[in-house]
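Chain naming follows the written order as A, B, C and D, and within any one chain the residues start at number 1.
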Amino acid sequence: MKKPTRKIINDPVHGFITINQPLIFKIIEHPYFQRLRRIKQMAMASLVYPGAVHTRLHHALGAYHLMCIAVSELKDKKIAITAEEELAVKCAILLHDIGHGPFSHALEHMLVRGVHHEDLSLQIMKALNEEFKGALDLTIAIFTDKYHKPFLHQLISGQLDMDRMDYLSRDSFFTGVSEGVIGYGRILKMLSVHDDQLVVEEKGIHSVEKFLIARRQMYWQVYLHKTVIAAEKMMVKILQRARYLYDSGDEQIILHSPLDYFFLEFTGEMDRASLDKFCQLDDGDIQSAIKKWSHHSDPVISRLSSNILNRKLFKCQLQGHPFDPEFILEKKEKARKKYHLTEDQVDYFVFTGDAVNTTYQIGDENILLMAKDGSVQEISLVENAIIQGALSMPVKKFYICFPKK
Amino acid sequence: MKKPTRKIINDPVHGFITINQPLIFKIIEHPYFQRLRRIKQMAMASLVYPGAVHTRLHHALGAYHLMCIAVSELKDKKIAITAEEELAVKCAILLHDIGHGPFSHALEHMLVRGVHHEDLSLQIMKALNEEFKGALDLTIAIFTDKYHKPFLHQLISGQLDMDRMDYLSRDSFFTGVSEGVIGYGRILKMLSVHDDQLVVEEKGIHSVEKFLIARRQMYWQVYLHKTVIAAEKMMVKILQRARYLYDSGDEQIILHSPLDYFFLEFTGEMDRASLDKFCQLDDGDIQSAIKKWSHHSDPVISRLSSNILNRKLFKCQLQGHPFDPEFILEKKEKARKKYHLTEDQVDYFVFTGDAVNTTYQIGDENILLMAKDGSVQEISLVENAIIQGALSMPVKKFYICFPKK
Amino acid sequence: MKKPTRKIINDPVHGFITINQPLIFKIIEHPYFQRLRRIKQMAMASLVYPGAVHTRLHHALGAYHLMCIAVSELKDKKIAITAEEELAVKCAILLHDIGHGPFSHALEHMLVRGVHHEDLSLQIMKALNEEFKGALDLTIAIFTDKYHKPFLHQLISGQLDMDRMDYLSRDSFFTGVSEGVIGYGRILKMLSVHDDQLVVEEKGIHSVEKFLIARRQMYWQVYLHKTVIAAEKMMVKILQRARYLYDSGDEQIILHSPLDYFFLEFTGEMDRASLDKFCQLDDGDIQSAIKKWSHHSDPVISRLSSNILNRKLFKCQLQGHPFDPEFILEKKEKARKKYHLTEDQVDYFVFTGDAVNTTYQIGDENILLMAKDGSVQEISLVENAIIQGALSMPVKKFYICFPKK
Amino acid sequence: MKKPTRKIINDPVHGFITINQPLIFKIIEHPYFQRLRRIKQMAMASLVYPGAVHTRLHHALGAYHLMCIAVSELKDKKIAITAEEELAVKCAILLHDIGHGPFSHALEHMLVRGVHHEDLSLQIMKALNEEFKGALDLTIAIFTDKYHKPFLHQLISGQLDMDRMDYLSRDSFFTGVSEGVIGYGRILKMLSVHDDQLVVEEKGIHSVEKFLIARRQMYWQVYLHKTVIAAEKMMVKILQRARYLYDSGDEQIILHSPLDYFFLEFTGEMDRASLDKFCQLDDGDIQSAIKKWSHHSDPVISRLSSNILNRKLFKCQLQGHPFDPEFILEKKEKARKKYHLTEDQVDYFVFTGDAVNTTYQIGDENILLMAKDGSVQEISLVENAIIQGALSMPVKKFYICFPKK
């Protein structure tokens, strides 16, 4: 089939996305990529923010679009980027999240035990590279930071990468949380390269500060919203219970869907066959499972599933220090009595944990500001910078979830 | 459980939606309403517009929000609306689309044969009314236009109802199609009531014109986009083939999901049991079915299903007059040979039909403009109005779909 | 002084405008261009739409920005445009409105009698060209449509030029009139060139229709809003009266500002000296004059001036046919009595006229749609096009203005 | 004249502003209020941000609109606010900035020496109150914080008042600086009253943090932008020089405009006559003066004026500590030689100063957060709040301005 040579896609967040290279078309049309249509970017967050149903495919396209702008700006500033590097860095950003499964991050380690989504992304890239006869060699080198121009990798994965730039814009657009809106247009204009490292022109400091603060706000207001935590942790509990039932030979739990494989057969080692299985999974499989399990005879899995299905979510409390064991016990006792649960079962209904977010990790991946005279300084060292002291410390919050009333 | 008395929901389209009445809470929390979370408002349109994944639940909340504004504006203009009427009209708009199933309108008559979604909405309202002990009596009277203040019904269903006002705004927001953006803020400010009929103040004419034109643009650019038509009609063909296989006793076709009921048992008459079954359906069921059927041994259903799954959509051509039978035959012949199909089977791969849209139907439900002196005039009669002649005629387009190359 | 080589300007309408060529910097920094900061784009419209105070300088920069995008898109489609042509067409759009004086169009023929603003633009371009030693030769050739690639001229002045694209976007942004929002992003993506003529890809038809309708709506809702007409015509009457007083040797009328020249010395022929005088004028001169004249002993000019100053605007009625002479007479009689006016004076307080707008002038400058097969068709000939019949006819409206009560 | 009873104004920032009370109409129509049309909200900032030409009238209307929403939300939460209080607080916000003169804050103490704009606002309110026969008694009591419900005053003047809420939104809208966009919608929903003090519901903390950070960003990126400082200080120097020339009896300096009064006659005491004179001033008077003075024979005033007129602005450097006297001397020496200046004159061309901004002043006017249990806590005491330590300290920056090259 003759491929079109140019296509535009309407994106409510960034406007029009232009695709004009055959390799980009091939990636987008591949079933592994199309699968991302069926995986929501923000997992359970739509239970709180009803607009947040956008997909990982949409995010990947958006990040690709920002990469197109970033590369074009850098080239306009006479930064040397070859046509091959340009294509490779675009492919890399398109594929950077290809390894996400349904409802990750919530379920990341629940289904494909012990495998991180970035490893999966790499494995899928390698499989595609084989299929595309090596066309992704440079893409993979950049993605794994083995290429001699680190700024290309930093555009994909770093403090100011196109991934974050897109997901913050996109997530705040679809949730309607204006606190997360970032001035990415200005940051892109201010990007530059110094000693092969990505830097920001000095006068972009306010936009970068805004970006870091916005990310912080999104964490506490959206990603770690207590109702979202409750929903995600309930999902984890459902999968834990399901695994227990699968392991105990229960027949009723079986779904006759690709999910079964990851409970019954997956060994923890990812080969081509398991990769294929993985690439058949999407949110719909989890959703159907939950709908089915809501009728299961096990009272734990059925109650949790029907609660998620009908949005009868647990109450979640967040605080800056661990919960008092007495308080936890009291909640457990209450739940045990109310639902006639055994000791083991109650842990599915009352549970604690913690969530951490750092606005800006000094010493980790730095944001470098470049003055007009070409000198470079780390952002937290700038006079009166907002990113100092408290903001560079991780904020840890402790949560407890339990049934309402 | 103690209900909260006031809640705000973040809507990226309209800002903040306030819920502050117990009956509204009860409706929103009901599983029948929560089900709308799992039904996309625009069915297959996200295959063309990747942002268009918003849900029917979100639309229902948005329309409710616009109703709150409309009622408040009318009351500010001293139009008599009692507290009971206000609550009822809000409930009615919240429930106006409750009868939608998965991928309607595309699949409307495919699953629940012969039942229109508005009838289903009414039946579900009646079921809820029973459960709520008559609290929805007035809601149902208004919804069915049996109440003595027709303007309340017109706010729910009419040329300028809150349903259209919301879906146009919402669909253009999520698709990114700026052609569909409407100035609903101004229209709401201009609404009034004359002789118990909904009217628009004369100087709102340009906003109303813009609204009608925007609707027309959305039809041709989005709802009847040729790739969207192709995808929706392929879905219809999949369900037709499934029905054929169910009817012929095929065992492999069975899904072990709530969908089976509508192929195997549903008689065409909606009773409480079938309503319950219906309210278990969502997009996920169709999606899972398609994923499963993509491995079926029947070459028709498996090819169609895997095409939809991986977005290998048929080509669709649109034109103003019927297609030449020769041309259709030629396409069929080509498909028959390419896929080794029988005469019967080829109709699943090459098919024609038509789509109709009327910008403004004169004589049907009119839009009335009210002058400062209180006189009322139908919009198409206004001097130099844009809504005249050609625009009031239905536009019919004919389509043909067939496999690419 | 070393010029910066790259600068970005923050534009709330289009985002960031990049300037990166020395000639563009020189034009923008020239006092003739900076003067446009002091001339409002929409003259008196801010009396109705308080946000509409944006300047002609801002519009010129915005149109330049759209030109940058348009040229880049065309080059991406392999349309041949040399670096010289690119620079020239950007200079041309930057200067296209340089000849506007204060409160034009309202006052266009009142101050510089008999000279059209486009002639003034050309004359100023020529003066700058001299100063810049011929650097604007090609700019002027394109501006006057004497260059052998007409599409370059059409980008500056035509049915879909960057001037209109910017002013519609900008005016609707600053007025808040959503009816005027156009999808310029999509139109720019759809522009192409065929036989050296600017064309639009066929599938851009809905965006072009939207654009034409938006322009129509802006005319009737904003540019020809009856209160705006009243204000602009009152300004014209003030200048008429001033001229009468200047001509009759009144000393009190003299302003000791650059305006005096155009009442006392200007002969109707534009030479370099009068051009210099003209380029000293801005809105402030008119505003100061009106403030001063509001204390003049002539009751006509003082009343009109103080009315404009304090926004005590005349009432304006608009209708589709001329006003009844009886009605006009009656209004005059009323005004005469109320303000003790002579026969001559009353014409400054009660006056009539007409305003015309055509949505799309068939046969004038056409909009050409290009199909995928390369064939080209005029937009009004397309099946079911919205731009047909009524919309291609000029709409004429008649107005009368008179003092309220 | 019969007043209209309801009017809507189109505001691109907030949508539609509704006016529906006779007293509000009377204030808006008053020449003192209409004068605000001719005073730009952001003074010289449009030299850097070309869109920032919005007026003080527009800001006053916007703040009034936010007040309408705030009052309506509070009443919806059962906070007792009488109809008289509601009207008064709306009048107060409408008039809160009525005392601003042209180019304040830049010129605040230059024209009306020793009188602060808030005192002027109060005096003008009193003058209007006389004219309106006491209708503004309660307005003035609330404005001067002498009313027994302090939250009403806090809505006009406090950490979260409608003034700031509007100017931040409006200024970021018109400059295009996305860093200043605030989620005012959410803050308004979260406002409440506790012990007659304005408080914010606890879960509004992120929106409030965002608001404070946005304000900080606007200060450094816009209000105290170094080019804006340069322009404003050049204006101050022009007025200083003008005063010197007026004082020395120069005849050429005289303008024959209302400005003369404040150089020649104003004694420093504000009586009704000087108030009248003050209310005739607007930006146009300053602009005309500068245009005229650009031709003055005094080399200081003519050079400064023509530089401002043609945007040949001085260079401005900003840093966290005072400038080295050597450095200042060197700059002065350079300027002296270049322009052949005397010792006295050089201070008009090279000058230093400082600018201070505090994000959140602890102990001054506090922002109180109210928990669900009704307890109230100051925002900087909240665990992990962003508003702590560094952010509550004033940031002082030192500037130096001197001619480029």
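In the analysis below, a residue touches a chain if its C-beta (ideal position, glycine included) is under 8 Å from a C-beta of that chain, and two chains touch if they have at least 3 such contacts.
All values derive from a computational prediction rather than experimental measurement.
Trainee: Given the touch definition stated above, what is the smallest step count connecting chain B to chain D?
Mentor: The fewest touching-chain steps linking chain B to chain D number 1.
Trainee: Most remote chain relative to chain B, going by C-alpha centroids?
Mentor: Farthest from chain B by mean C-alpha position: D.
Trainee: Any idea whether A-C or A-B has more C-beta pairs in contact?
Mentor: A-B
Trainee: Using mean CA coordinates as chain centres, what's the gap between chain B and chain C in Å?
Mentor: 43
Trainee: I'd like the Å distance between the centres of chain A and chain C, where a centre is the mean of that chain's Cα atoms.
Mentor: Averaging C-alpha atoms per chain gives centres 49 Å apart.
Trainee: When the centre of a chain is set as the mean of its C-alpha atoms, what distance in Å lies between chain A and chain B?
Mentor: Centre separation, chain A to chain B: 32 Å.
Trainee: Could you pull out the residues of chain C that touch at least 2 other chains?
Mentor: Residues 10, 15, 177, 185-186 of chain C touch two or more partner chains.
Trainee: In their shared complex, at which residues does chain B touch chain A?
Mentor: 1-2, 9-13, 15, 29, 31, 34, 37-38, 46-47, 49-51, 53-55, 57-58, 61, 173-177, 256-258, 280, 282-285, 287-288, 291-292, 309-311, 404-405
Trainee: Across the complex, what residues on chain A touch chain C?
Mentor: Listed in rising order, the residues of chain A that touch chain C are 6, 8, 10, 15-16, 18, 20, 76-77, 185-186, 189.
Trainee: For the complex, give me every residue of chain C touching chain B.
Mentor: 177-179, 181-183, 185-186, 206-207, 209-210, 213, 216-217, 220-221, 320, 383-384, 386, 388-391, 395
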